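A, B, C and D are the chain letters, set down in written order, and residue numbers restart from 1 in every chain.
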Amino acid sequence: MSPSSAAPGVLPGLRESAAYITGLGKPTVAAVLAGARDRGRVALQPRCGVGGHAEMKALLLALEAAAAPDVLTLTIDSHTRLRRFDRAARTLAARPRDLNGYPLVNHGWRRGRELNEAVGAPLEVRHGSPDPRALFDVAVAGGITSFEGGGISYNLPYSKDVSLMSSLAAWEAVDRSCGALADLGVVVDRELFGTLTAVLVPPSISLAVSVLEAVLATRAGVKCVSIAYPQGGHLIQDVAALEAIPVLARNHLPAEVQVHPVLHEFMGVFPRQRGHAEDLILYGALVARLGGASKLITKTYEEAAGIPGTRANIDGLRLAGRANSPLLGGLLSVDRDRVREERGWILAEVAEIVEPVLARDRDPAAAIVEAFARGTLDIPFSASRFARSAIVPKRDAEGAIRYLSAGALPLSRATLRRHHELLYGRDGSGTPAGSPLADLTRDINYFPHLFGEEPM
Amino acid sequence: MSPSSAAPGVLPGLRESAAYITGLGKPTVAAVLAGARDRGRVALQPRCGVGGHAEMKALLLALEAAAAPDVLTLTIDSHTRLRRFDRAARTLAARPRDLNGYPLVNHGWRRGRELNEAVGAPLEVRHGSPDPRALFDVAVAGGITSFEGGGISYNLPYSKDVSLMSSLAAWEAVDRSCGALADLGVVVDRELFGTLTAVLVPPSISLAVSVLEAVLATRAGVKCVSIAYPQGGHLIQDVAALEAIPVLARNHLPAEVQVHPVLHEFMGVFPRQRGHAEDLILYGALVARLGGASKLITKTYEEAAGIPGTRANIDGLRLAGRANSPLLGGLLSVDRDRVREERGWILAEVAEIVEPVLARDRDPAAAIVEAFARGTLDIPFSASRFARSAIVPKRDAEGAIRYLSAGALPLSRATLRRHHELLYGRDGSGTPAGSPLADLTRDINYFPHLFGEEPM
Amino acid sequence: MTQTVAQPTGLDGTAGRRLVILGVAASDCHVVANQLIAYALRGQGFEVVNLGACTPVEEFARAYRTHPEAEAVLIGSLNGHVHEDLRDLPEARRSGRIGCPVVVGGNLSVGSVKDPSSASRLYDLGVDLIVEDPDDLPAVLDRLRETRAEEARLARSPVS
Amino acid sequence: MTQTVAQPTGLDGTAGRRLVILGVAASDCHVVANQLIAYALRGQGFEVVNLGACTPVEEFARAYRTHPEAEAVLIGSLNGHVHEDLRDLPEARRSGRIGCPVVVGGNLSVGSVKDPSSASRLYDLGVDLIVEDPDDLPAVLDRLRETRAEEARLARSPVS
């Protein structure tokens, strides 16, 4: 991959951008997250991106006016994600509403600044680009202080044939720029997309990938890392996974780096009926609070249908905001013993997965590439040829996500035995009756099914 | 008080009304409540009432379409409540929007039926009439199967100089009609307004008044009683009060009568900011679930400002509806030991208050009149001259509502000592510092204050 | 409502007895503010004839007949019905049956979006002042008394 | 997606090998449905050349060149970009580089309120069929094959 030729306009240098950001007169995302953590609040952030510039500005203004999220988003369109800037340009010119996000590279950094200056909340760019260098440069020039993704998490779920080697190299460049910006006094938050393919992702896979990306990022100079975990739907498991994040940070990352647990409200197949979707939105938000997340990325009751309208987005934020209610202290709780046990297992699994890759004498990027090739690192439902997707996840009787097959992951016998027992019972009596495809489909449609919605 | 001369139109007889209701093809409120209780759901109901008939119909249709409450309401305007039918007629003719509710008597029973037939949910009339006979007759003729109030609870908070004797007599007539309707196969739900004056009402006052009204109602033939308790704001106290209701029903009411605990979302001074109000709305709804309420009457984020618009009412219902989420089982809980202890105290207080009145050889209505005259029954902030309002309520350090002074209530020494200790600490160290007026005002403004809202 | 420290309020050094008539409008039973206002004004040295909830204009007029020295009639209304409830006020003012200033406070229209014409409609009915915060009442009453004293002086002196 | 019991699907009693080309549109990485559909069709006896995520029209055309016996090209699109992603389809159809029916399924416009013109725009681009439920695919493929066989027969017989 070569640097973009399509990115229009001459970009200001890092130093100029850093000065611009410092002078912007609003907090960085990192500062907002630190503030939320200190006050015991969950910061809220919507996804939002539309094609047209005026429409994007109006959307941000409307969201801020009605729901005052702590962080605002520019969600980037799919063409831009894949560096198909000419396609983005064509749709933008012909039918901007046909874009599923804001083509920031095409709009250019001046418009990024305009958006930034229009609202009080700092902005994050959320995308899904295996090679985000052009996008990152425009984002930083636009004064944006948080950038989502990583060389694994924005490759394997988001593209088919970009090699891990090249995506890791591209992201290393981004992370080095973050380091340089930190030296200039601007800490860019780097949110790692532990959500991956979003569907039935076992917590230890999500966290292992994030740990590896965090190690790479902090070695490259990143000073603020948000580790995003996707709500799976099982209370104990989700709280345990969130709580594992600070422990993993202590074990693997330099002490001076800020690390924030982030929850993505359920990222798999959403129920279609509004009330059901709202139940799930509130549930996710409460899980974020119980798990000690610094930030929550919200969903909307239109999730199953398509990119949400402004109203639905506002309503989703407002509903999720209830998780910060001071009135719920006495009535929210979770079985802490079970959380502790589950967290212990999650941490053990993550260690089993990442430790071989992080072995002292190896280049971690090369080790990652090799591990994915051999399947000792893997993700389910990979879009990319560079992961095997030999993992088969399955929900246990309580709905927690387990490994039906762990592929070639280097999990211990004890770990594998536990997953087997949780799925089949100690005596194998819980063996599921349906066909593998039917079982998997039901697990994917877990929430619509739980709410008794008709299958699609 | 004489029967209304202003109630227009000739009313159908009870038998005709009963036949109409049976043929309406929708469940009665009593059936809806029984269904909710059986399914472990909290049924939801908004308050709603506007002056114009077309507007009222549109409001009901909009609420049903967007939020599908289990029960719908006709909230009656203040003139009608006080039998000032001519005033209601004049405002209705000149400026219907100046009415704070639906003047059902003026509109007449045929329009009541029209409203009833327009929506799928059964209707309740919510008002505040010391003498509701004319209103009740029109309501029943309109096919309405739930009627709120009682001879105490719709007198003392709602009028200044209607004697308790006459209001109890008027309500006895209503309750006897309910008995007659039950004989004709139509069970009318009678919701007792334990909310009273809504501001700092000690639970044992609310429940004692409801027990007395329930005893009178069931003796007169009522077969379904909803005992409404107003959320006070303290989790343990509110859950305990709701849980006390079935116990009180067992102790005081015939076994064949259906008794439903109902929670009124916080009825005192509401916070003004939307997010704060929404926190309180959700909190109330969760308390209803935890306390096992069959029904919840919802509030809106416009409560502090004025009668809510349709949108706010819908949003309030939707938010409260989350309390029925199947996803919250694992994370909602309340300290059951503390609830049990608090419930024990509440039950003891209620017994101390009601037992002298219900002593075997007395006419309960006469005993009630006499007790209020002597102050052995009493409510805070009475609008009526027929209660002394010598009770001074106060919130303890946790926010629970206690008796600073119990006036002439026949509470035991143990009860009074407990309240004193809860307010002042065992050693008196917790003595509040402010002036009585400042303290009281702060307690009244508890929620705006808790949320850090500027005093009005 | 926040508390201000109670101050004995005297005008021009004259301390004397100061009386107000207080009540809630005819169709309205909201008495919490009413009771707090009565308590506060008494604490500030006023004599308060509190007619409480559900007080028709006629009842205010009767109270004024008994207490013609009243500095003001203070009427609260929360339920949105203030205009209909004060429908008989113009007549009571015209006939002198309420001969002192009338002050109104509370929630002065139906609905969460307040009616901007509410105030002018009240002034048209003969209301002298609309006061939002009860804490302002002592100062308001001082001002009203001052104005009336001034008017009386002007009426007495033949200048101009 | 619910499962139907896998049935060996043969037309006119002829059992033979049945092949489809499957993939997700060019800008789109959603592969869960894609992988489930491939699995299900294979279970139902189809040979599936699954090109997976992010497949440009050109790549479908190349697959068709390798597999001219393909009964259909099945394209999924979830991200709303189907029209731009199939922009090169008319040319590929015209030139015969995709010579079999093209079936599209998924979420076919951007936004929660679906664009009613989406389907006609797709037909204009040379899409033959839009299918909602993947479970319908075997029946749809049977029908398409029947129609093509019929057309071939008609083309061969000189009866006009």
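We adopt the following convention: a residue touches a chain if its C-beta (ideal position, glycine included) is under 8 Å from a C-beta of that chain, and two chains touch if they have at least 3 such contacts.
Keep in mind the model is a prediction, meaning the values are calculated, not measured.
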Chain C and chain B - chains in contact with each: none
Chain of greatest Cα-centre distance to chain C: D
Chain centre separation (chain B, chain D; CA means) in Å: 61
Rounded Å distance, chain A centre to chain D centre (Cα mean): 32
Distance from the mean Cα position of chain B to that of chain A, given in whole angstrom: 47
Multi-chain contact residues (two or more partners), chain A: none
Multi-chain contact sites of chain D, meaning residues that touch two or more partners: none
Touch-based graph of the chains, sorted into line, ring, star, complete or other: line
Pairwise chain contacts, counting only pairs that touch as defined: A-B, A-D, B-C
Residue ranges of chain B in contact with chain A within the complex: 235-236, 274-275, 278-280, 282-283, 286-287, 290, 318-319, 321-322, 325-328, 330-335, 450-451
Contact set on chain D toward chain A in their complex: 1-3, 26-32, 35-36, 39-40, 43, 52-55, 79-81, 83-84, 107, 109-114, 133
Chain D-touching residues of chain A, taken from the complex the two chains share: 77-79, 81-82, 84, 87, 90-91, 97-100, 128, 157-161, 197, 199, 302, 305-309, 312, 381-385, 435, 437-438, 440-441, 444-445, 455-456
